[in-house]
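What follows is a pair of complexes built around subunit A, which joins subunit B in one and subunit C in the other.
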Partner chain A sequence: MKTIRKQISGDKFFQLMVTIILTVFFIIELYPMLYVVFCSISNPDAVASGEVLLWPVGITLQGYQKVFQYRDLWIGYGNTIFYTLAGTALNLAITLPCAYAMSRKELMGRNQLMLFFMITMYVSGGLIPTYLNVKSFGLLDSRWCMVILGAISVYNMIVARTFFANSIPDEIIEAARIDGCNDFRIFGKIILPLSKAITGVLVLYYGTGHWNAYFDAMIYLDDRKKFPLQLFLREILIQSKFAEEALTDSTVSAEELAYLAELSKNADLMKYCIIIVSTVPLMFIYPKLQKFFEKGVMIGSVKG
Partner chain B sequence: MKTLKKRLVTSWQLYVLVLPAVIYIALFAYKPMYGILIAFKNFSIRKGVWGSAWVGFDNFKRLFNSYWFPVIMKNTLTLSALSLVLGFPTPIILALLLNEVKSIKFKNAVQTVSYAPHFISTVVMCGMLTLFLSPSTGVINKIIELFGGEAIFFLQEANLFKWVYELSNVWQGVGWSSIIYFAALSSVDKGLLEAAEIDGATRMQRIWHINLPEIVPTIVTMFILKCGQILSIGYEKVYLLQTDANISGSEIISTYVYKVGLEQADFSFSTATGLFNTVVNCVLLITANQLSKKVTDSGLF
Partner chain C sequence: MKKRKQILSVLLAAAMVTTMLGGCGNAQGTSGKSSTASSTSKSESTQNAVVESTVESNDDGTEDSVRISEETIEITLAGPASVTTNEWNESVQFAEYEKRLGIKINATAYDSEAWSSKLTLMLASDELPDILAGLTATTREDVYKYGQEGYLLDLSQYLDVMPNLTRIMEEYPEYARHITMENGAIYGISPFSVRIESWNLQDVYMSQTWLDNVGMDAPETLDELYEVLKAFKEQDANGNGDTDDEIPMLYSAYSCFPILWAYGIYSTDGKLHEMVDEDGNYMVMNVTENYRDYLRYIHKLYKEGLINEDAFVISSDEKDQLINNGKTGYVGNVTSIFLGLDNEGDYSKQKWFAVTGFTGTEYNSESVVVERERVGANFRVLVSADTKYPEEIAKLIDYLFTVEGAISASNGYEGLTFDFNDIEGYPVVDHTNYIGDYESSEAYRTRKATSRGAFNFYSINEGTIYDMLQNIDTDKLMEGECYKVAGANATKQLAWRKAVQKGVQFKKPLPSLSYGDDGAERATLYTDIVNYCATANVQFITGERDLDKDWDTYLEELEKMGLQRYIEIQQNAYDRLMGN
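And now, the complex of A and B:
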């Protein structure tokens, strides 16, 4: 009797510890994001002096107004939307059929094909050979380069293949075949309508990748009109470009010093607003797809 | 023979379905591999890959003798080791803890919030770090000063770079990486847990003896995959966080490859460095896999 009571109080203590640890964790994960939101609507002076900690101070939408006037950002936004939509569409058009075919036992030599795909997960030509290859296709400084590169991720293909192999019964395909369906029809009319979950997962994986990518764009694009959002973000957030340009443009007088101080103050304010404006779309979309991707990871974790 | 032919004929449409993927991989993954040859050549664009002169292992010798080689090796290994020690166990612990939570609302709230940082782009993440860690206006230094400390120039200190890099990585990735373990935990036999409870096992004991062994195969798989990436840490983030002041603690193999290759246009040398990286990765992956086969009887291949 005594040991059971001891065990129960021990369990209660344990439960309390778990709750405390996870609450602290929750705050650590949430706070930096909330802080950015607070700063984006606070008076820049209050932010700079450290008054903003737990709530916004001197609420203003000045930063957002400035951001909406910043033309480069909207060029980037438009380009990124195009790259994300076109890129993801191409990703799906290549990944889904391939994954489905790879899940079928009738595909002779599929083990060899699998090897062909998987080797590229570990071995690649490297930066320079890849760059020369892109150049040889005339894709340098082209919008299409942003769409075509990464058209299929082998990892995502394996996830999708595992989904097809495990959650679509052979009987359905057998029955359709007896009814006279060919493989194209089976894939289009039967498999695709049953694949909403995996399509959701792939859209999320690929879409996030396109939205957040900057490295390829940095390497392959020259023309600012084609830059995706992330490259403009890099200029503003990491390189603090607008403050720098003002510095080189002006001969320093007292008046201009004040102007520069004002600008760099606003620069920080704008940075917080820009972080919000560029990240909000994904923050809205992912909770809606959460069920899908939790499932998707589970599918993928069954050994490929 | 006849059946083979028949099977090929009846399933030709399946080959059409894989064809686009095969073409893409052939043109954009295998074709560039031919370019690896330039690691053994003195490449000039005018002469092309084949026309450039062979130099044997000269580029590799130059790499091993260069001033930067020990630096980038040390930094790459330090960052990888730290990501193994900090980045690998934290998602497992998070999943085990979350699994013990009874309130579904609380569990969902923790999960949703901890997944969110995963969707923040590398550029924005580094922008946030730059803002937060600024010595004059950054919130972290404000908090340090609040407690009577002195402001620290986080991004100018080579020694602090690894902590800035890895702790922010954990913050951003721990929730997302825990999904896979959390999913694996859902297959634990409930009856077993009840039986253990009746036999007087404490919660800790149940986690240790029942929950943890259940996810060991997942842990092993993830660990092997991680070992294969030891030298290929996310250069995108390191590159953005580099400053002239912290370069001795932040230059890693892949950022070096980028700088030598595309900024200084030393194509052959850059490719040799990249190839060295790939070879080491493959060796590590295979070693980890063999080791895991011996120790736990399970491996990737």
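And now, the complex of A and C:
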């Protein structure tokens, strides 16, 4: 016994503990994802009765079949990709220059401007004024509404500003100026190439935001052809609740209830498949952008 | 210095997260508030629209589709999306309205969860469509508020072009009372059923197969029920060879109703048991000895494992599973009842029969059934005060109260979306010849034949199984075509006929009330009281609180929450409604 303990030196013991703890964390993180995958290929009845725990029960690909037959979903996919690409591009086009300007000490009234920005973080106009605003800009039921609305997030702007202020030395800008660059050129030729990290982070923040957004679409869009993916997903997910609601509705016949229950069953069948279908693109992009986090996000002096 | 900065930034980050999260939840609250603010400015502009009705008198009582508008008019319609609302514009029903009635309906559906925000926004920006339809969550109070603020058309001004609605209101005063507001206006239409009496039975069922397997008769008193449930538990009631997998009673508000009624509590709400006695006194039964004894009984069932242990956390999916797998013998309102009750879709396997109130307490010697309300509490259809075609819309609504109109809203038109199929000598609507690519006739009916949920607020017997159920011989009820088609409803009809024979008392539930200035106060009181009652209900049943020791504190708590004031408000509202 003693000899064994001697053999495991302090260092190795530490390594062992780290491995154990990380393995536990790994399992904790992995299990929910695997669970969703298992559920998506299991018989929905088995899922509902809680039989699916560690591996799929009654394997079926019906759910995926149904999902791929659901035409609206692909319209939504197309729209979401457009909103995400166009929206993120616009976000970057506005956030980066703004953040750069705010990071420069020679900007007049910088603190006042910052205060102005900060206020919008805490106090928003509210739904109705925003709606009226969108309406009078003629953006109601327009694709551009999904791209333009929320074009800048102050939080992200602050993140970018901090990055510019902390990791780009003044000297380099001074040098550029001496060489004859104006502000635009400095930004385009020097700042941007040096800010790949923060750009990556912003792309990730904004991109996932756009990918997951549904509320604006719900409020401002009427035309189903313009709906993003998330709205169709919601539609399917809430189908399972209609049957329950209809139970207390006096105008609903028994046959209709049966049909609603059937729909709700279908929705249950598709639920997990949809989660997978809609997150796969993000799962591929995330690791690619994640490396930027290592150097990218800094608010104040705290690295996040 | 650095440390301070760090702390500051952590705080900032935390604040950001909270505001971000807060943003999601707040949307509704703020929108609600601003709607009242913005609506006051609007109220003076609209409350007019008293159009002189110049109707050519074709009111010879004809109920056929008369063209409402010579030139086709186009009206806009919006509503919360139900399963199929996205296909509203493509329905045969709406296409036929354009052809037959001269009304082209242009519908937009909104996500059902965004609907309340959307409605607020439409009100705030003066963009109300001509008709709001397919609503499911609009209460009498909402309607009264919008109406008084001048957003809604008062249909009572058009009653002279609405002969069918007028007739129904005369025939069924409870419906007239419900849709007529305190100021005499009719701002909207609620669902209404003139279906057969058995339709009004609450959906509570017991399995005859289980009773047969344990060799017992259907229980009539609470003691008998206890014995039956005990036998279900101890024996192999579902006949699968395992004596331990039975759940005698699947707990739900509904499966408790027949027990509740036995204790003289005539309520059809699972949480707050409100009722009105013969003299018109409003009462909350949650504070009575009746309720305490009722809880004692349910607690006993729970303690002895006669109720499922997960009674208060089980999801409806799980309930369906239990029923489909034959694990339970006594159930309340659950969707799978209508799915066929077992995996084979065979009603006859479990032989469910509808249950009426039990007897055998000191509070009640007779069996009682509290009926389902014929008048739907919510408002289905509202009309904008700004519409250009008030009279045409009034006529359209009236058309929906004819037999043809009601069927058009529920099933479409004969020869276009359905044929009448003869079942046991009664014509029943049948879509099979028209379904085309749709997976089932119900899918066809809800997606193509009709604009589901938009206008089917008037439920009638004609063309449905109810016509057959009403007239068919009792011995044919539970067999052959009739049972195959009508299933659970056939068992309800049988139970109803038996109940009438036995002299069961039928009682009406508390009608839905509306409030004036005290509405806001009532809402706060109600939320507190109902939440407390619901929690206490669970605690008493599970035994977490003791019915002897903790009862007095429970009563005191309710008093402190303003129960007396709540009762007062409710009593006033009830008196107002009945005084109408």
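The working rule: the second predicted complex is superposed on the first by the 223 of 304 C-alpha atoms of A that agree within 3 Å, B and C clash if a C-alpha of one lies under 4 Å from a C-alpha of the other, contacts with A are read in each partner's own complex, and residues count from 1 in each chain.
Here is the rule we go by: a contact is a pair of C-beta atoms (placed from the backbone, for glycine too) under 8 Å apart; a residue touches a chain by one contact, two chains touch by 3 or more.
Quick caveat, the model's predicted, so the values are computed rather than measured.
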Checklist entry - Of the two partner chains, subunit B (first) and subunit C (second), which one does A:Leu16 touch, if any: first, second, both, or neither? => result neither
Next on the checklist: Between subunit B and subunit C, whom does A:Val24 touch in the aligned arrangement: first, second, both, or neither?
Outcome noted: neither
Checklist entry - When both complexes are superposed, which of subunit B and subunit C contacts more residues belonging to subunit A? => result B
Checklist entry - Does the superposition put A:Ile172 against subunit B (first), subunit C (second), both, or neither? => result neither
Checklist entry - With the two structures laid over each other on chain A, which partner does A:Asp222 touch: subunit B (first), subunit C (second), both, or neither? => result second
Next on the checklist: Let me test your reading of the model: by the given contact rule, A:Asp45 touches which partner, first (subunit B), second (subunit C), both or neither?
Outcome noted: second
Next on the checklist: According to the stated criteria, A:Met102 is in contact with first (subunit B), second (subunit C), both, or neither; which is it?
Outcome noted: first
Checklist entry - What is the contact status of A:Ile59 with respect to subunit B (first) and subunit C (second): first, second, both, or neither? => result neither
Checklist entry - Can A:Phe116 be said to touch subunit B (first), subunit C (second), both, or neither? => result first
Checklist outcome for this item: Dual-contact residues of subunit A (subunit B, subunit C) 48, 50, 122, 124, 126-129, 131-132, 215, 219, 234, 238, 268, 300-301
Checklist outcome for this item: subunit C partner, complex, touching residues on subunit A are 45, 48-50, 121-122, 124, 126-129, 131-132, 135, 155, 215, 218-219, 222, 224, 231, 234-235, 238-240, 242-245, 247-251, 253-264, 268, 299-302, 304
Checklist entry - Which residues of subunit C touch subunit A in the complex? => result 2, 5-6, 8-10, 12-13, 15-16, 19, 23-24, 27, 30-31, 34-35, 38, 81-83, 86, 108, 110-114, 117-118, 120-121, 124-125, 136, 191, 193, 315-318, 320-321, 324-325, 333-336, 338-340, 372-374, 376, 410, 440, 442-443, 445-446, 456-457, 459, 464, 486-489
Item to check | Touch list for subunit A against partner subunit B, complex | outcome: 3-4, 7, 10-11, 14-15, 18-19, 21-22, 25-26, 28-30, 32-33, 35-36, 47-48, 50, 52-53, 93-95, 97-98, 100-102, 104, 106-108, 113, 116-117, 120, 122-133, 137, 148-149, 151-152, 154, 157, 182-184, 187, 208, 211-212, 214-215, 219, 230, 233-234, 236-238, 268, 271-272, 275, 278-279, 282-283, 286-287, 290, 293-294, 297-298, 300-301, 303
Checklist entry - Within the complex, which stretch of subunit B touches subunit A? => result 4, 7-8, 10-11, 13-18, 20-22, 24-25, 27-36, 38, 49, 94, 97-98, 100-102, 106, 109-117, 119-124, 126-128, 130-132, 136-137, 139, 142-143, 145-146, 171, 175, 179-180, 182-184, 186, 200, 202-204, 218, 221, 228, 235-236, 239-240, 257-258, 261-262, 267, 270-271, 274-275, 277-278, 281-282, 285
